[in-house]
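Note that chain A is present in both complexes that follow, paired respectively with chain B and with chain C.
The block that comes next holds the complex of A and B.
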């Protein structure tokens, strides 16, 4: 970074901030390689410093956390809203299309979590039939649901699809994607599902509740991953 | 199967249609077991037992091995599903029922409460209401949409517009200027040709003057062989006179017009005023072919002092 002037440094950091905000529109994780290619270019060596400063700015100005994903998606980033969100003071409005998708998403995520964190794709589709959603039919609201679930949400890291090797016909396991783990918690989903069922005490769902407690204990031992960068 | 040979022989002879029906029943049962496996596993459902009863009933009609095979396959499936059901019972897993969830959602957000077994139909409004209520659970960032588009797209649009308007303007100008340019070229050609000729005549005048010191005007310009060339020579000489490069004067002794190149020495000596006075003299010389013939005779012009150009447009011979 010392080889760059202060003005140049400022420009790069701001450009990265803008780049991240704009690419976030699609909700697809932003790759480090793309940031280097399109924004930093010759100054790619400065990436660690620039990304750290950009993260600080996003936090300070927008209340947005820059999170680096792990494992399969290592080297890509997502933006997570760090403002205190509360259903009573929820300030964001979404389009009707987005609201509907959100509705289907909560159903899918609930099915996955309440069934023990993983389901096969056939189990998922079988469950979705109860909601009037069929993978082979164009849905009046969602259109090509199969594409939405297996492609769009998988790319956006809302879902993680793993094809099991050596299976015929191939079995696909569906789990929560890394984005969901960043954007919400198991407890919140359990409480929500409970509410819809008209059940006040979440401990009614014995194994799911135990799962929540286990996860919370594990999280307590680890430092948070937000704004951590390589 | 009866041990009695006679009885066996009797029942062995079964109707093909009947057999087909039995096989079809079994296949339907097996398909149903596969399709609705998840429902059958539900510990709270008694359907599996019902299926088993159905199969037992069907088996009463089975006489031949082919159907019996289908029977064993179904029983096998029921046994497997039964095992899974037992597993579901024995764990502390409070089974989450998607069907129940769907009906709860429909009644929570929809218009009316749904009975447990009723087909659930979730409308677009219900999906939207569901999504709205679930939104606060997610710490998702609202997408940033710039009014004028992201910075990546901006410059490109502007660049497209500029060339277009320029091109429109350019083509207009071109259309207007093309005729002008063409005519200019033509004039230029003429001009250049004339200038060349004038220079040539001047050179000839100077060289003749060096030799002869006195040049009779008409002798100089007349070409005895061509009227046209004579006129041309007059034309070029008039340029020389206009530009002050040659002078026409009346010789005092001979009383005929003479021509001489205007040499620089003399030019400087003459004052600006005189020079401008001189330029103000205008003469129109008309020359008819008749005049030309007379001049040739009177001046006894044998040979053109100004040789004609090699390439001529008009051959007036």
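The block that comes next holds the complex of A and C.
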């Protein structure tokens, strides 16, 4: 970093902040390679320092956390809102289409969670049929649902799709994507499912409630990391 | 520089998703943010709003962002918006539109600024689809114009004429003064960019004012006289004539 002047450093940090804010609008994880290509360019060596400072700035100015994803998405970043979003503090407004999509997403996430955190795609489609959502038909609100689930939400890391090897016809497993774990909790989804069923006490769902408790215990052991740099 | 709190974060996040808000919406947002994360006193809300904008602006200016206040040129309604103060490749507008669509917008701007009334008809607007680097179909152009309108970059009157919308006026003011300096005019009263407005009828006098600014200047006056040259001022009926001439 000593090779860069302070002014130049500031400019790069600010440009990265703006770049992250803008690209996150599409909800697709932002790659380190793209940040280097489009913003840092010849100063790519400064990435670790710049991204750390950019993360701090996002927290301080907007209340947004920069989170680096793991495993197969390592080297990509998403932005996570630090503010609790509940019905009473609905300061962010989305289009009706987006709100409907979010509703469907919560249904899908619920199906996955209640089935033990993983379902096959055929199981998912069977379950969705009961909600009037069919993979072969264009839905009047959601459009091409197959594309939404297998492409859009997979790219945005709301869902994680894994094709099992040596299966014919191919079996695809569907799990929660990494973004979901940042934006909500198993407990919240269980509460949602309980509410729909008119059940007050979430412990009614034995195995799912045990799952919730296990997750919360595990989270308690680890400090939450808001940003990590490579 | 005062540190930003969660209430500030909530306030600015709303601007990031909504672009512009009118006075009522902004005060509602202020109330929501302050009640959730701090204190709110209805009686001093005007001062509180000023403080919030000032505190946030001094913090975000390093990013070339600012919460600005502007007025809709057609009716004088006040709006607040989060705008870019620097034009660069990395702007909030640039992200959501393709390069070609941005070119379309810039050509629209040129038409608005150079027009007599600050408005253009839909045929002229659609005609831009043939002037941009990558030609666009009329259908796509129509959809793009609808999108610009939804996001308040442009507005459309009852008669179907298009004009620069509140968001466009707030964000593009600097750009317009730089790019079209021979055509861009300042309102004599508020000194801000004036694209739609009334003018002095004296041929040699260039004075113009926003309709809402002129209303304030002439309130209680029996005769409308140009503040600069004392010549006769444009009557509202004459505005329509100017529009009609352009439409032919």
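The rule is short, and it goes like this: the second predicted complex is superposed on the first by the 229 of 230 C-alpha atoms of A that agree within 3 Å, B and C clash if a C-alpha of one lies under 4 Å from a C-alpha of the other, contacts with A are read in each partner's own complex, and residues count from 1 in each chain.
The working rule: a contact is a pair of C-beta atoms (placed from the backbone, for glycine too) under 8 Å apart; a residue touches a chain by one contact, two chains touch by 3 or more.
Computed from a predicted structure; not experimentally measured.
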Chain B versus chain C as contact partner of A:60, first or second or both or neither: second
First, second, both or neither for A:25, with chain B first and chain C second: both
A:126 touches, of chain B and chain C: first, second, both or neither? first
Shared chain A contacts, counted only where both chain B and chain C touch the same residue: 18, 21-22, 25, 62, 64, 81-83, 92, 94
List of chain C residues in touch with chain A within their complex: 3-4, 6, 9-14, 16-18, 29, 32-33, 36, 59-60, 62-64, 90-92, 94-96
Contacting residues of chain A [partner chain B, same complex]: 18, 21-22, 24-25, 27, 62, 64, 79-83, 85-87, 90, 92, 94, 96, 98-107, 110-111, 114-116, 123, 126-128, 130-132, 140-141, 182-184, 188-189, 192-193, 196-198, 204-208, 210
Chain A partner contacts - residues on chain B that touch it in the complex: 38, 91-94, 96, 98-102, 104-105, 108, 120-122, 124, 126-146, 150-152
Chain A to chain C touching residues, read off their complex: 10, 14-15, 17-19, 21-23, 25, 39, 60-64, 81-83, 88-89, 91-94
